[in-house]
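After this come two complexes, each holding chain A, first together with chain B and then together with chain C.
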Partner chain A sequence: MSEEHNPEPGNRILEVRLGATKAEGGTRERVYTVGGAGTFPFLGAGPAAGHPPRIALEICDDTRTWSPIVLREVGDLAEDTGAWAAAAETTFGADMVRLSFTSTRQRGFDDFASLGTTVEEVIGATKYPLIVEGSTEPAIDSEVYRRIGEAAEGERVLLGTAEADRYRSVAASALAYGHAVVAQTPIDINLAKQLNILLHETALPPERIVIDPYTGTLGYGFEYSYSVMERIRSVALQGDADLARPMISSAIDSLNVKEVREADPETADEVAIRWEFYAAFSALIAGAEIVCVRHPGTVALLREALRALLEGSHPQEEAYGDESA
Partner chain B sequence: MAMKALDIYKLLPKTNCKKCGFPTCLAFAMKLASGKVDVDLCPDLDEQTRELLGGATRPPIRLVAIGAGERSFTVGEEFVLYRHERTFYHQPGLMMQVADTWPEERIEGVVARVRDETFHRVGEDLSVDGIAFRWESGDADRFGGVVGTVEACASVPEVIIADDPEAQAAALAHCGNFQPLIHAACADTAEAMCDLARKYGCALAVRAGDLEELKRLVGLCRDRGVENLMLDPAPATLRDFLARSVEIRRRAVERTDPDLGYPVVFDTVPLGLPDAATALGILKYAGVIIIDELGPASTMAALTLRQNIYTDPQKPIQVTPGLYPVNAPTGSAPVLMTVNFSLTYFTLLGYLEAAGIPCYLFIVDTEGMSVLTAVAGGKLTETLVADAIKTTELENRVDHRVLIIPGYAAPLSGKIEEETGWEVRVGPGDAAEIGEYLETGWEA
Partner chain C sequence: MTSIDTVLASGRERLDEEMDALEGSVGYEETAYALPVTYAVTGMAVHDAASAREAYAASGSSVLVAGECLAAAGYAAEGGEGEPYTGFVPDTVLRRLGYSLVDGSIAGIGLVAGSPDDADAAAAICREMQEKYLLTFLAGGVIKTLTEAGVKVGLEYRLVPLGSTGMAAIHFADIIARVAMMFGGVQPGDTDRLLNYAAERAKAFVIAFPGLEDEEVAVIDGFRVLSIPILTPEGYEGGEWIRVPYLEAVREGMERRGIRVNVVAIPIPMACSPAFEGKSIRKEEMYVEFGGAKAAAFELLRVRPADEVEDGRVEVIGPEVGDLEEGSAVPLAILVDVAGASMKKDYEPVLERRIHTFLNYGEGSWHVAQRDLVWVRLTKDVVRRGVAIADLGRLLASKFRVEFPDLLDAVQVTLVTDRERVEAMLEEARAIYDERDERIAGMKDEDVGTYYSCTLCQTFAPNHVCIITPERPALCGAITWLDAKIAYEIAPAGANQPVEKGELIDPVLGQFEGVNRFVKKASHSAVDRVSLYGMMEEPMTCCGCFECIATILPEVNGIMIVNRDYLGDTPLGMTFSTLAGTIGGGAQTPGFVGISKGYILSDRFLQAENGIERVVWMPSLLRNELKGRLEEKLERMGIPELFDKIADETVAVSVEDLAEFLARVDHPALAMRPLI
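Moving on, here comes the complex of A and B:
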């Protein structure tokens, strides 16, 4: 399979724009382009290097299922989604916030009006592009994604998550209100490709799709995710246009595993940060353009590492965050 | 360049004499092509063919042993750039550094950790592999003294980091017989370092930031009779290491540059960023990684990453089928059926433990396939479930007859009910929802 080692010259990962400035109909002070690379991660220079990866900090609107380690670290912020989002950008140094509507995971959820309010609150509190995660229950998907999409209209958020058996509501909202979509499949390159084709049939343009090949947690199947990301990047650079999309990676179960949950309270933060870091850093090396973590301390560690990987390959401003339009 | 099985076959005698131990020449050719056997097993090749096939089929990266005794390890003999192409074979040795300028207690602390600290994960004991001595004092005798003191209390593999042959000689006088890695020779010192490597039979690292210079050093050392070499690409940044290590591995496995066919050593300490550098070394082809005093959290994460990356992707990882009690269940506890794909098992187990609900995890044998694949591929069937109920004596373990099956196995619910006589409930498709499902939706 040595042919995979050398990308076909000219093949590139598609560029996806996130966020919209005032001039573009939004309110973001920064916007990002992700993707664009023509080489394996951090090996290219100039245009072939593509755009620098981004670090997202995940927050939620209902903290009942959130890691107690993170809740302890962020304190009162957890009670105020807008303030939490603002702190993610200013205090914790994330490139973007990923807001997860965990409230919709409760059985019998019907407080749809709260979704729009929270989205507006977070938009008002932040200046960078956003990722917003809706429900996981097909019965309420349509209403949830409509409310979220509508409240964020014009901001070009990254809306999650489309899956093979429930992608229509997400795609419809993205189309109606001008957002991009996270397309998640369970660690399988063919399923990833199929979902992209399905989304294509909804008329969602390919430059508004980010692939999520699903990231298992360090020590719990992470190797499958690492390799599927390497494979996706590899075949994309060989010319498979359906897979030539930026990837997003979030090892969402990192803070639920035994090693982290049962850590001594005194070292729990250290363990949580390392468990997230090793998976997120490896995802960057495998080709993820957006990595998501939940512990604020992981962001700083990733930022330093990213600087060292990008050294000299991008103009300073862009590499370190700002890409104002 | 690597050769395909058919091209190799054309050069073999085609007599099917079986002297190589394989039934046919073609079978032997296929083994050769995958790098799994040595061409010397065929006694009927002329010298020229033997050399040609050997160059094209022997492992493109030399196997190098570090250390002596129980904890010694080997690195190299890798064949691919990406683990999905086949697998990675020899995981890198993590060598924790001590400097000869450190106070005695600090050195002792690191040595004790390397000697004694292990983490147990999924049936394996994980630990840091050895100690790297760094010469910082400028005093060869002092360096030798430190190595000697440690040598007396720990028998673990070692790296001797000193660019001065005299300091090396002082250290090797204490530990040379235990095959430490000598790190590192450059153009000026290659001759003296080679003499030491030969004297003690140790592996020798050569160090240069430029690949052409590395190749020149390799040639120099080989001319002086040292074959067990490692390459230190002298990175100043993470980005340097990635670029150089990938290029070395690429040229080696594509067999375009046999002089680069040696395992890489990565000294992460001068770069700072200990977590990122250690992870990068594990992911991108280092054979020996010299690390700083990583804390226990970092060490555990790094060793877990190494375990993941060096897992053979060709074998689905499986857990043993059977009945697993979770959170001390009693006879009235729910029974959750799922497959023996380890990722499924561990994910589900994590959520169940987090939810704290007593239950039985009932694992059936789908040969390591996930629920979706097993249902689609006909591996998960009602008879399989019925047989598993019998072999686990499930009926004696619980006092109800309700079986919760994975959401993705819903199409089988009717058939399983008929075949087993148990009442089947369809659980959630996503393990993350199992806690809530059990809290609200389940009663036997």
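Moving on, here comes the complex of A and C:
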């Protein structure tokens, strides 16, 4: 479609701010702005290029379902969520940590107090903005998101995940405690738009929403995700204000696919990293502003690729430096 | 009996006097919103008597502002009342309450004020509010009355004792004001937005008991400006206060503010989920069946006045499952009565179709067909586990409430298994079905100002927009204008949006200014104009779901229609699937258009190209399916002979054979103006 290459001037992706400095009521030493682009990604420098993308490393509070390849790589860190989070920033070089509360997935989970403690621990251990993923079980949403939101009050974290039939608790938590929200829909542009409208109706300001169009794993449907990301970005630039939001992508099943699980132990790390890398890298090309991976090695490779892509479009310091320390 | 009109004046006077006499500092602790109501209304952060009077004047002598200033002066001077009263609720607690309201775990809030004479009645009201997921605030003697009657109060019981006097009611208003500022983005001083927020979002009502002082009455009466209805079961008359019987108070309050409670679990001994929708129940697994040509059966959903529908009521008339032999076939009438302020008679058939979906959600219940053709089965397995016929009713009653929370306030289900009664009611049901068919059939495009869009298919045809009118259903045949209208009411942000048709541009082509404007936007500027009633000039785009394709056959100056079910060749030289691949994907292809079967029978059917009279060919499958209705239509048009002039594949598959046939029968298309 030819019109996709000629977005109407003036249509921009909204800027979403993540993290809050001490002056803003938080404790982050760096804060990020994502979004702001007026054109497709990596088309050169200038104000239309928007803010640089960010790389998040995913960690969790209950490692039972986490990839053994990653657990081998991070070793003892997996037993100490705070230390794992700190290492993500310092040792592994991620722009931000995405903390998944996998503990809430167990049947009959009710240790809600632990959520607040873990959030506080991770906040204490890190300096950059955070993404926090709550429950996937509607019955405990209310309690889970209240605890997380409350414990992170003032830090302007990115809270996940709102879905079309269960977005109220996430939105309420964001409203009550000043956070932003990941709005996920299953690879469908209309549903993405609808969810943004529904979130808007809760009075959540649009500049506090990041779209997650859902990312299928490479070889297992990634092309659908790529295409929907491209389309969301394309109609946003053509003036569809309900979709003019930054996007986040995480091909969360990358390390669970047969090819990675059954890889020769000798090369397993390499296979895992490549599997994550190509999905995340392609997502960046499709327009994602935040990409999330789980293997620390993928962060380094993405960083290198991103550097090469951005050269000329962003001065290096701006691309990787902090904005407001 | 206190006359509101009388005490309002004296109450206001007292407030004025007390404001004049106000001294010292005025303020609450643990809040960033000063005196919240005053702050929200005036934008002024009051801290002493002088600034309080200033704000009172700025608010135009609002009784709420006066009440708040006086209450806050008391706080500044003496602190709160202490246990068990909460007094002013600090921001941190309020944030949690607001969270629960936005998140839906609290359905709404209520204030019970005054000193009820009857402790049991007051307790019953509070219990009902707890059961309905309301958060209840208490002000005045009612707290003592309740605790003496053994009712536990406290935030954890969702009964919040604000204070011992009616004046503590003001905290109810400061809570709403703070929620509006914290969660609703209302800026201090923006009174309009505050009032809007309160009207649209604050699901609140007041129940007032006797014993309130005049100034307390004045303050509570002031809540009405926040769109809060004041209900009173005893003690007051006149003014804008609404008299209600005790037992009706909570229901009335909820209804007036549109508070609805979501029922989540369905209390039946079998699982119920969309996961079971696609199953079938074979004869060997079946315990009992209803209808299915072996016994009379039908289903009927009707809207009834609210007082005739008792929510959740399920009744079985005739034998229950325990009275039936294994393997038997039994008559059944499924009668679903619904009530709801925005429920309309027109919605009945659409909701009735959901009976099918819902019954199939049951782990061991199965349903096919519709109206008086239904066929229902229950498995041996679930009957052994205790599932009875009444459980089908419970399933339906719950599912309807959960799926249509904004539409339905009450649902009751009656299941009749008594043969004589079912047969007797069948005639009545059939009359209703006929009446419905006529109502939809009779609707014309010019009768309505609004059409509906459908962009469901943009998932795979990104720029396709269906415009649905009463006389042109969606091209997939699955969504009529009424369906789209209801879909919009149920999901206002969904894929069916209202389209104001606007100024008429061309009555023959069916072009409307408003429709064009909508299509341009919704197609992301890919399509500028569409003709609703034609196929040659700017026809509607096609996604891929069309029931039929209509195309021109230039050689014979006619239109052929081919339906999806027809797999053979057509006179155009292409099968349905080849054609579909050519025209789908959201493109406008003059000469080709995707349509529903229903549209063929419409008076608007391709009227720009002379409509049905131009049709020269359709597969016998489609021709037979439409036969009765099409013949009737042609009869009405005074051209009954046309039906036999429309060829099918038994007469001609090549365009040469078709031309010969058309010439032989003297088809009117041959003499019409050329299509190209």
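In this text, the second predicted complex is superposed on the first by the 320 of 325 C-alpha atoms of A that agree within 3 Å, B and C clash if a C-alpha of one lies under 4 Å from a C-alpha of the other, contacts with A are read in each partner's own complex, and residues count from 1 in each chain.
Everything below uses one rule, namely that a residue touches a chain if its C-beta (ideal position, glycine included) is under 8 Å from a C-beta of that chain, and two chains touch if they have at least 3 such contacts.
This structure is a prediction, so every number in the text was calculated from the model and none was measured.
S.K.: Overlaying on chain A: chain B and chain C, fit or clash?
M.R.: clash
S.K.: Please work out whether A:Glu311 is in contact with chain B alone, chain C alone, both, or neither, and reply first, second, both or neither.
M.R.: Once the two structures are laid over each other on A, A:Glu311 reaches chain B alone.
S.K.: If you stack the two complexes on chain A, which partner ends up touching A:Leu218: first (chain B), second (chain C), both, or neither?
M.R.: It touches chain B, and chain C stays clear.
S.K.: Does the superposition put A:Arg107 against chain B (first), chain C (second), both, or neither?
M.R.: first
S.K.: Touch test for A:Glu29: chain B only (first), chain C only (second), both, or neither?
M.R.: neither
S.K.: If we overlay the two complexes on their shared chain A, which of chain B and chain C does A:Arg231 touch? Say first, second, both or neither.
M.R.: both
S.K.: Looking at A:Ser282, would you say it contacts chain B, chain C, both, or neither? Reply first, second, both or neither.
M.R.: So A:Ser282 only meets chain B here.
S.K.: State whether A:Ser142 touches chain B only (first), chain C only (second), both chains, or neither.
M.R.: The answer is second: A:Ser142 touches chain C but not chain B.
S.K.: Please name the chain, chain B or chain C, that touches the greater number of residues in chain A.
M.R.: After superposing on chain A, more of chain A is contacted by B.
S.K.: In the superposed arrangement, does A:Leu198 touch chain B (first), chain C (second), both or neither?
M.R.: The answer is second: A:Leu198 touches chain C but not chain B.
S.K.: Would you indicate which of the stretches 148-156, 220-228, 346-354 or 418-426 belonging to chain B has clashing C-alpha atoms with chain C?
M.R.: None of the options clash except 418-426.
S.K.: Could you tell me which stretches of chain A are touched by chain B in one complex and by chain C in the other?
M.R.: In chain A, residues 1, 231 are touched by chain B and also by chain C.
S.K.: For a test of understanding, state which residues of chain A touch chain C in their complex under the given definition.
M.R.: Spelled out, the residues of chain A in touch with chain C are 1, 3, 141-142, 145-146, 149-150, 168-169, 171-173, 175-177, 188-190, 194, 197-198, 201-203, 205, 231, 235, 238, 240.
S.K.: Per the contact definition, I'd like the list of chain A residues that touch chain B in the complex.
M.R.: 1-2, 4-5, 40, 42-43, 105, 107, 136, 186, 216, 218-224, 226-228, 230-231, 234, 253, 256-259, 261, 263, 267, 270-271, 273-275, 277-279, 281-282, 285-286, 301, 304-305, 308-313
S.K.: Give every residue of chain B touching chain A within the complex, in rising order.
M.R.: Within the complex, chain B contacts chain A at residues 2, 80-85, 121-122, 237-239, 242-243, 246, 250, 253-254, 271, 273, 275-276, 279-280, 283-284, 295-298, 300-302, 304-305, 307-309, 311, 313, 317, 342-343, 346-347, 350-351, 353-354, 370, 372, 430, 432-433, 436, 440.
S.K.: Show which residues of chain C lie in contact with chain A when the two form their complex.
M.R.: 95-96, 98-105, 182-185, 201, 455-456, 458-459, 462, 491, 493-495, 524-526
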